[in-house]
Structure formats: structure tokens, C-alpha cells
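Take a look at the following structure, please.
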Amino acid sequence: MAIKIIVTGGTFDKEYNELTGELFFKDTHLHEMLTKGRSKLELEISTLMMIDSLDMTEQDRKKIADACTSAKEDKIIITHGTDTMTVTALYLQKHCPNKTIVLTGAMIPYKFGSSDGLFNLGSALAFTQVLPTGVYIAMNGKYFEADKVRKNTDIGEFEAI
Amino acid sequence: MAIKIIVTGGTFDKEYNELTGELFFKDTHLHEMLTKGRSKLELEISTLMMIDSLDMTEQDRKKIADACTSAKEDKIIITHGTDTMTVTALYLQKHCPNKTIVLTGAMIPYKFGSSDGLFNLGSALAFTQVLPTGVYIAMNGKYFEADKVRKNTDIGEFEAI
Amino acid sequence: MAIKIIVTGGTFDKEYNELTGELFFKDTHLHEMLTKGRSKLELEISTLMMIDSLDMTEQDRKKIADACTSAKEDKIIITHGTDTMTVTALYLQKHCPNKTIVLTGAMIPYKFGSSDGLFNLGSALAFTQVLPTGVYIAMNGKYFEADKVRKNTDIGEFEAI
Amino acid sequence: MAIKIIVTGGTFDKEYNELTGELFFKDTHLHEMLTKGRSKLELEISTLMMIDSLDMTEQDRKKIADACTSAKEDKIIITHGTDTMTVTALYLQKHCPNKTIVLTGAMIPYKFGSSDGLFNLGSALAFTQVLPTGVYIAMNGKYFEADKVRKNTDIGEFEAI
């Protein structure tokens, strides 16, 4: 039972540019994280884009949905910025109905010592394996169905609606 | 849906004693890990023992089974040393049949930078929420039923049998 | 032989704001770093300002010089952003001639796993104890006199001129 | 002005063996630490032995002294276990009188998140550059002459005598 992981960027993968003092995207840290987690799952990883989810367009979401549809795997994880994660989840719920898709991300870049990224990745991989067909968000240790969740931006947490 | 976490020790919680140069147990790092993972799950955590799983006796396993049985929660995570994790899983499968129990641990102490602990905790919490009644081991990103897994000590990985 | 540490901000102390996704200043990490380094030096730490060194004004530099002059200690460390560290060093060389003053900072925030901050702090504390009166920059494992150093912004390193 | 670094093992370089659950020596972490510290010093690094300093024999100390004497560099750092660091320092003070030699180490392995190793390395490199001929121990942010220091094993700190 292989799982596909589609990388789209987000806080998860942000790094610190020591020449400019700004956060930026280089490569995904996913392989490094999976090594640390000693994952022995059969995974198919592809980086589709590397963007801040605030910059994600309808066109980008279509690209993600196409990648989900054309994937041979039925179980898919999408790493994604948290700001518009719920928007993409709803889009996929509409356009990609026959797979188990779990979106996850991080509140703090993985390269920061205090990141929630590794925890979220572990939970997303687990949820993907066991949840039935549908689109979900895995954050804060929980899972939410795509149309029953919002990000509470005041406290930086996902909550059921 | 509250989850109970029973701490028994294991590599997970080992620390370095800088006076003696030896690894030892002090307190569990579970709360610190859950904070890092920004977990918002309703959890009930109790430290039952703090031992190396090679030192775990039949009496200790009975104590764990009793804690599972008497817990008001139906979903339980047990943090446990990896060396005899399968032994305890089998014991619980026999003595505690009506709950979803997930055992997890770490190959490297959480306090080491390279620990798989946070990843495993994330996956164990996810599996516990979704898997049906039964006893499972969550390691290497996977879950295994208690009677269908062994630890391959040559490579330090859990594998299906 | 007490050492005074004057905190002015800089990359050293930047944190990630998980609500806005931006880097910002909260409190200095100096105490945490000194605890990690198991420092047993007699230190007097004060936070004078918490700013990016690109925003530092002549007025701010005067404030730093006054703090150096009025300090009862003869040995002083200043944590400072790297972008204008050489400007402040020259200013202090002119206005604060009778003490051993060492400026240091970091190319990567301390809270990032890959930070040079702890290494630089260790070297700055050592240089301060042993170097004669003068103003110095301690970066990249080296020390430079205030008027004989520039930051090579292409590669992010300090070099002798 | 090149500095020689002689690696002898000690807590500094201990790693966790995830198959046996024991601490052991593999390779030195010195290169990784110097990269993190963005050191641009001209260094000559050689691993002479990889042992716990409690296992260090008179023969081993002779080997270290010979390496110091035969080194073309006048400034030398020795990474060393803390338990018998003062013994080796005294030995070198007697047998290697014409160089600036600084011994340092760590109370916690570098691979542990909470290690003092990077701080100590930064301070040792600084002290070596500036201190006059002699043998010193650099720990806890301080430097001590070889014959004026002891390790207080009750609290795990070096102190002047």
C-alpha cells in the first residue's frame, strides 16, 4: 500500500537565508524528516510547487487536484501552508472524491528546533493509512474533514466547525 | 474522545546523566513533546513506571494490563521500550481485549537531536483515534497488530510476520 | 573579573512568529544559551534594545557607547546584528577607548538548529577575558580589531582588511 | 596562524547506538561543529584516539604529548573526556612546555540537543589564539592553567584551586 506525498511548500519547508535575513524555500526537508522518523513506508514523493499558501492561486489548486487524480496511489498526503489549507482541502473534496487525501503542514519551519513538523508528518502518515476515502486536514494531533474545519488565526490552531 | 497515555519508560525517555556519563530515567518528556507538536487532543497522561523494557517483568505487564482495563478511556497509548514491546503487546492482546491500545517508543532518546520519538508519538496518537478495537504497535510510520509483528534486532526495525 | 553583556538584538535573538509567519524579537536567548554552555562566569546582562542592526541609528550607537562607558566592568560583550556590526565597532573604538569590548552575533537565529550563535558566544566570552583594551568583532571563530574588518556580504563572512 | 586540533574522544563525541542502546564512539563531530560555527580558521584536525578519558593510560598520554611536540603548529586544542582532563593537562604541562595547548570537552554529548560542546569549542578556539605559551583547560566559559584546576565531580564543574 504505497502512499504518495505531494509537496507544495508552506512554513514546513521554509529556511533562513543567512545572506538576506529572510525566510525562503530551497528544497523540501521531507526526506530528512522521514529518515529521522525511521519511516519504512513505501512512499512516492514529488515536489509540485514550493510556495507560501497565501500566494496559492486557483490555478495552483487545479494543479494539485490533477496531481491527486493522476496519481496511481489511492492514499495521498499534501504538505501545505496552513493559511489556506482549508481552501485547498475544500477544492480537493470537490474535485478529487475517490481517494484518501490528508493535508498537513507546520506552524513553525522544520529547521527551527521547536517545529511541530515531525509530529504532524507522523500523524498525517498514520491517518492516511487508516481513514476512509475523503479529504482531511491533520493538525494539532487531530484530523478534520475538509468541510468541517477552520483555522483560528487568533491562536494559530485548527478547530472543528 | 479522550485518549489515555500510559508511560512505562524505554529509550524514549532516557536522559544523559552528566555526572556519571550514563543514560538514566528522570521524568517523561511527553508533555514537552505534546507542546512541541501543538497537540490539542484531550489526553490523560500517567507515568506507571520508568524502566528499560529489558527489565520488565510479568508483574510489570500485569500492572500495565490492569491500568488499561481500569482506565475509563477506550483509546490508550503506551510508551514502551522497543526491546520487549512485542511481548507486552501480546500480553495486552490476551488480557485487555476491548480497547484500542497502541504501543510506541523510540530507537533514539527524545533528547537526542536525531530522535524518532516525536514522529512516532504523532503517528501513535493518529492510529489510536482511528483503528478499531485491538492491540497494535506503531513504529517506523506503520502499525502492526500485536500478533503479527517482530522487532528485527539486526537492523532495529519492526516488521510484519 | 565580571563581564558585562549588552544585548542589542540582531539575528541572534530573532524568533519565528507562528501567527504571522514573520521573524521578530521577543526576549533574548542569552540566559538559555549560557545555561546550555554551563557558563560559570560572573556576568552582568542587560538588554539595551532589541532591533535589527539595519535599523540602528546614530542615537542608538550613542546609547550603546554610553552604556559601555558607564558600566563598572572593563570587559564588555555586545550582541549585535551582523549587517552594521562594523559601524558600531568603529563608533565604540572612537567613543569608548579604555575597555575591552567584543561585538558578536549570529548569521542564523539561535532558535534555528543550525545557528552559529552558541559557538560565537563561547568565543566572544573567551576573547573578552584575554584580549587587551580595544574594540573587537568576534565572528567565524576569529577576532578582528574594529578598524581592520569588513563583512563580506556576498558570502556572509567577516574578513580582515 | 594555523591551529591544530587533536581529537581523543570523550563525552563530546559519544553517540547513541540504537541497536544496543549504549553510548559509543564512531567518528568525531568536530567538522560538523566547525561548519555550524561558520569557523573560517585555518585548522589542522587529526583524530589520535577515540576513548573515554577514564580508560586513558600513561601510554595514551605519551602519545598525545608526542603529537603536540611533533605538530608544526604552536597552538593546539585537544578534545578530551572531562573525567581525567586535568591529569592529561598536567602531563602536557610537564612534557610539552613551549606551545599554547588548550584542552576542552563537553559534559553532554554533542548529539544531545542540550550539549555544551559547541560553546566550549568556540571558547577553546578563542583562548588558543590569544593565551600565551602554556597548558590550559577551557570549560564553563573559563580558562584554567593546568596546575590550578580540578573537576568538582559533585557538581560537574571545573574550578580553580
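As written, the chains take the letters A, B, C and D, and residue 1 is the first residue of each chain.
Methods note: a contact is a pair of C-beta atoms (placed from the backbone, for glycine too) under 8 Å apart; a residue touches a chain by one contact, two chains touch by 3 or more.
For clarity, every value in this text was computed on a predicted model and none was experimentally measured.
> What chains touch chain A and also chain C?
Touching chain A and chain C alike: no chains returned.
> Taking each chain's centre as the mean of its C-alpha atoms, give the chain farthest from chain C.
The most distant chain relative to chain C turns out to be B.
> State, to the nearest whole Å, the distance from the C-alpha centre of chain B to the C-alpha centre of chain C.
The separation of the two C-alpha centroids amounts to 44 Å.
> Between chain B and chain D, what is the separation of their C-alpha centroids in Å?
38
> Take the average of all CA coordinates in chain C, do the same for chain D, and state the distance between these two points in whole angstrom.
It comes to 26 Å between the two C-alpha centres.
> Tell me, which residues of chain C touch at least two other chains?
Those would be 107, 113-114, 156.
> Which stretch or stretches of chain D touch chain B in the complex?
Chain D reaches chain B through residues 11, 16, 18-19, 21, 23, 52, 83, 107-109, 111-114, 153-156.
> Show which residues of chain B lie in contact with chain A when the two form their complex.
Result: residues 33-34, 36-41, 107, 114-116, 118-127, 129-131, 138-143, 156-157, 159 of chain B touch chain A.
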